[in-house]
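Have a look at these structures, which come just after this line.
You will see two complexes here that share subunit A, one where it goes with subunit B and one where it goes with subunit C.
Let's look at the complex of A and B:
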């Protein structure tokens, strides 16, 4: 049955090339449900029973002497459920977002197909093959927008990532003489450690971890929203899937700790993750382009996952997986909401937007919920994830990581409000727009559901994660449906929620005690004092919003990371230019080179 | 079981009402103290009760739509929620169901609700005010969380109830690194309470009271209640962390004694904030930011490293 699913996916990629945009969207939507159906069928290994088609759990495909080993594990199931539940919703969104079919659907389906392959891969070659296919299909999707900078930067960083990964794979292969995960035995020696570090850096490129993040803001701001939602929400998680695979499923993290006695790369990964969260957060609230803001916010939120993997304790990894799960949904919703706003207003700059919420209240409510999750407000599931990570940092006594992570969490409030105020509230700049189309609203609503469910029942999310973790030999943390307990404290989600509802009663009584009158925006504190010639002035104070902090902080962020890469590029160019001068074009010079070479060889032989 | 639940609800309701009353009383006394420093007579100490009653009974209430109304709903409910998750005078209330991180994030609920309402009012002053408030939040949280982490590492718990219990024999303030940390945290408290020199977000002379510029009637009244409870919440948080929640007695009448000692302690720190308030002019926002992220953070880091060194040796 698995072969039928794979064949149907490939067939759909072909068909969507040739059909019209509406039909392509519908086909893509239904085909993208297939991996989800497979996952629901495989949920039986999680103890759930939704449907049973009896889809086989593993399959080997032999192509001209190479065997691709495919099988499902609890960990890939967990990552799969977040990536594949995003996809149909994004197809639903694109249904009204695009007005022609110009290669979006086939390549999106190819990206879906390759991520399916990455998750099922049970040997390193298959993993690499599908990884490249995924990078390539996203490259085409970025290329569609004909932006030179974004295309080149993505190509360069994908190549870097591929090099690092294949280097690690070759090193591991030379050690073990096998590509199968099940046959790899890691031993603490230099080659293995270098291989693991190289792999982690390769995957970190896709996960947009600092300082390998520079492609993300450019690509996210120069591509179409539906694709960016999938890239930021889904595909970036594959980077962390790869890291998790080599750090915990194959115990790379343990090997590194054994090899390095003092400061292990795990600790460095945690520090990089925390710094990534912190720096990206600061940069995020200085942005004026909403896509760039969301891109930096994405880098920051993904940094938390790296912290979790770096700390590597049971608490931290659970928190990291929870954060990955939340991030997949809220970031996809936010990118889609930004897309919906741009679809109606045609604007990306926060300072030019404003007042959208009054005309698009449903979009606003959905965005508000995901922003609450992003900012980890305790009435959302975002809090449980961050809370686990904070607890883990305190328990491990990481006194550098913990404060930085916490202050990055506070910084998230700042850019959250930048989105809320700049885009949705403030002066009424858009009196003539309409609510987003129904298919867009449906897409966003579907994606917001997991956030609502796991706020009340964080235990269910932890159940899912603990089964994924038990595969890597990590025990689950004690929890019930509503509460999570650690050795430091406990968190009761339902107590917070019930108390909040109870506390809303007096507030509601005050609210209902006296009637109120709803007035226009011009009817405010300045009432009647606006001179008539300024009457149409924008009442939206969103330009240079965080100027005071910006003035203080900006010097510390100059020059940006990209300047360092440009420096490396310039250095390489100078070096190559110098080396090029060896080729003078005169035969005598080449004869001299040969003579020098021969003399050196002779001298070496004599010395021996 | 049911009776236990009813008793618990009654106790929580009682503390919620007491918190509101104490907050309003403190605000009134505060006005009196400030007036005396200014060599004025000042309003009576119960003035704020009158003010709230007046505002809540206004017939004319102006709203700017449903998002504006969120300010009223979430400011009161959010701050009450936070109050109940703090141990007060050794009484744990709901603090076993959460910890210090939860309280830090719960404090964001009323502010975010308030910010939403302010944003929806469409007045540029409100937007600027909220921006200032958020920058202040970012500023004072850094030194504050560092001191908080120092406490958590020392007592090996993140729960406030746990920290309070660990201080039964000795308050944290009597341990040298925490004396330094408490000085830092007190300055953060000054920012939290939005007293001068850190009253930048509500600066009446610059941005017309900032976020609350469009609020009137029941909306302003509810914000006054929010302000009153937040005074109690913030000072209690501070007292819980460094003064063991004011717990001094463990005997028969310990409940009342501890309650009174808690009340005295939070009053002392509120008064201290007020006295600093009367003596200083207002910082500009970037000055406040630099103050917290430079000097305060350095001091806080010293105390954290000190504590870390004490713990690992």
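Let's look at the complex of A and C:
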């Protein structure tokens, strides 16, 4: 059965190359449901029974003299549910987004296929092989947008990521003489620790953790939205999947703690995660391009997951998985919503948009829900996740990490507000646009559903996670369907929700009982003054939105990290131009090289 | 069906000399000879695949006659040279001159000869045939740059040939034999110093053809000057034959820790030099030429890891050779226009680049994978890190190259089709277990 699924995926990749855009979208949509079907079938591991085709749980494929070991584990199941829920929605969205079939669907399906392989991989070669396949399929999806910087930076960082990972694989392989996860025994010695650190850094490139994140803003802002939704929602999670695999499924985190007596890399990872969350958040609210804003927001939100993995306690890891789960959905929705807005208005700059909510109310509502989750407003599942992380940091006495995370959490409000106000509310700058096409709305709606469900039932999310964690030998947090209990407090989603509604009802009644008028946006902005002299100036609410904060903060964030990488690039360029001078173009020089070479080899062999 | 492997050399060699007599139909004659030879090379490959190494003695007993020793890698290379040669010939169909066809056949015959001969002097002769044909083929474009490249190539090439001859003379003076396997069996009887001196001469001489640093001064100029079809021919023909000759030298005749070590560090130097020089190169053909140098370094590193990591380094060299031969020749054909306008050229160009960078499931991935495993089993972490470093540089300039090749301009079908077919080889050889199986049997005469 599994082989049939794999064959169908491969066949669909081939077919979608050659068919028209509508048919390709339809094929891609149905094919992208396949992994989800398989995952639901495998849900029997959790005691659920949705469907049962009896798809086998493991399979070995032999190619090129090598056996690829595939099998499902609870951890992959959890990450799979999160990643493969995105694909059908993305295909649905793309149905109206693209007006021709120029390679999006086949390579998107290839990315899906390789994600499937990464999650099922049970040996390091399979993991690496599919990891690379995903890298190049997403590279081609970026390449087809014809942006030079994005093309180069993505391929370079993918290669860097691949080499860091393969370096770790080689070190582990030379220790254990096996590539199978089940046959790897980690012992606390230098090679193992270097291997684990190298792998974590490799996966961190894809997870866009600072300072390896520089590709993300460039690529996110230069690619198509449906693909970026996968990049931010899915691909980054695969990076964290890899980290989780080598830190907890294989006990890398424990080994590192044993090896380093004082400051372990785990702690450094937590600090990097917190700093990533903090710095990216501040940079995010200084962005005027909505894609860049969302990109930095992604980097920031993903930083929280790294904090969770770094702390490594039961609470922290649960919080990290919860955060990953939320992020997959809300960031995908936000990117798709930005795509929908751009599809109708053709604009990316927040200061040029505004008032979209009046014309695209459904898009607005969906985006609003995800912004709530993003900003971790209580009652949303985003709050539950971050609350677990804060508590974990406080309990672990990470006095540096906890406050920084908290500040970053507040910062998330600031940039969320910039999107809400600048894009959706404010002056009605777009009187003649329409609501997004139905397929786009359907796509966004499907993705917003998990957020609504887990608002009320955080227990269900914890159920899934506790199974994933039990695989790594971590006990689950005590919880019921509505309540999460930790040693410091307990969080009951339904109680908070009821309180909130109870508080809102009087407010609503007061609002209804008094006569009110709608204040025009310009009245508000100009404090009631009638602009006579400056009638023609462009008045946009979101222009220079956080200018005072920007003026203060900007100097601290310059030069950006990317400038350092550009410095390396320039250094290499100088090296290249210098070394190239060896090829002088004069044959007599080359002849001398030949003579020197001959004498060197002779001398080396005779005298050494 | 038993094919006499000697036909692989004899047919193109004799037909090349026949061509002046049938100038009018020389193009069709060449095509049919190349096709015939491709079929023979496939048959020979199957024979080696099924029965193991072929030894063949023609006419007289050695050293007078021709002695052939075909192992799995030489059979594979013979296949690459002949089949790719036939495919690549499509791109040069516009050439009307019978001299061109004659030289093309000579280059193919010479390269094939280098890989299948078991006699060190014959190897030298085939080197000369290949080299002379290549000089003329490069110059056949008749542009200033082509002639300049050809002259540089000729000067360095003749220097190299002289060294090869001196190395052979030294060996012969000691062993009184020219048979590679005969020499290999009795190499311990040789005077230590003369052994190393002859090795140095042979390595230097063959290294000029194999584009090793610092013997490769001719490479950028030649690839830049030559027409696309010829640059492509040079990248899968003579250079691959030469690196195979070095492998024989290294693994069969002079196996020792010292030679492996030297080869390893020459390989690393070649790799780094090629990749770093390619990094800032803006001219596409020169960039591909430098990149070729880098890849040859990688192949040499693979060959030099045979002492501990032989289980991995031989498959690595097989995959790297296949990947480089198919991908680089495809890219040289693309460099004719350097714009990927049609779907076919896009497919060809992107597949080739991905294979060179080492993306699965293409042949280049398996090459690098096995190379890393081989280096890891010798615990050469520094070498691994240097290969990573060069790999990242490679990714950067190939990404830039891909970006630059975006364009609507369409290439002629005579370039687009061979290009796509050549690229497909790196896909096919990556997916099929064939190469790996080949690599795991009786290599280079039972090492």
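Please note the rule applied: the second predicted complex is superposed on the first by the 543 of 608 C-alpha atoms of A that agree within 3 Å, B and C clash if a C-alpha of one lies under 4 Å from a C-alpha of the other, contacts with A are read in each partner's own complex, and residues count from 1 in each chain.
By our rule, contacts are C-beta pairs under 8 Å (C-beta built on N, C-alpha and C of every residue); 3 or more make two chains touch, one makes a residue touch a chain.
Owing to the predicted nature of the structure, the values given are computational and were not obtained by experimental measurement.
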*Touch check for A:351: first (subunit B), second (subunit C), both, or neither?*
neither
*subunit B or subunit C: which reaches more residues on subunit A?*
B
*asked:* One more residue to check, A:598. First (subunit B), second (subunit C), both or neither?
replied: second
*asked:* For A:582 in the superposed arrangement: first (subunit B), second (subunit C), both or neither?
replied: second
_Quick check for you: in the superposed arrangement, does A:391 touch first (subunit B), second (subunit C), both or neither?_
first
*asked:* Going by the contact rule set out at the top, does A:176 touch subunit B (first), subunit C (second), both, or neither?
replied: neither
*Which superposed partner A:148 touches (first subunit B, second subunit C, both, neither)*: second
*Considering only the touch criterion stated at the top, classify A:313 as touching first (subunit B), second (subunit C), both, or neither.*
neither
_So in the superposed three-chain picture, is A:515 touching just subunit B, just subunit C, both, or none of them (first/second/both/neither)?_
first
*Of all residues in subunit A, which touch subunit B in the complex?*
355, 357-358, 361, 364, 368, 372, 375-379, 383, 386-387, 390-391, 394, 397, 399, 402-403, 406-407, 409-411, 413-414, 417, 420-421, 424-428, 483, 488-492, 495-496, 499-500, 503-504, 506-508, 510-511, 513-519, 521, 523-526, 539-542, 545-546, 548-549, 551-552
*subunit A touches which residues of subunit B in the complex?*
12, 16, 56-67, 69, 72-78, 80-81, 84-85, 94, 96-99, 101-102, 104-106, 108-109, 112, 115-116, 119-125, 127-128, 130-132, 134-135, 137-138, 141-142, 145-146, 149, 152-153, 156-159, 162, 208, 213-214, 217-218, 221-222, 284-286, 289-290, 293, 304-305, 308, 311-312
*In their shared complex, at which residues does subunit A touch subunit C?*
62-66, 125, 129-130, 132-133, 135-136, 140, 143, 146, 148, 151-152, 154-156, 158-160, 163, 166-167, 170-171, 173-174, 569, 572-573, 575-577, 579-580, 582-585, 587, 589-591, 593-594, 596-598, 601-602, 604-606, 608
*For subunit C, which residues are in contact with subunit A within the complex?*
151-152, 155-156, 159-160, 163, 193, 196-197, 199-201, 203-204, 207-208, 214-215, 217-218, 220-221, 258-259, 262, 273, 276-281, 315, 350, 354, 357-361, 365-366, 369, 372-373, 375-377, 379, 384-385, 388, 391-396, 398-400, 402-403, 406, 430-433, 435-437, 440
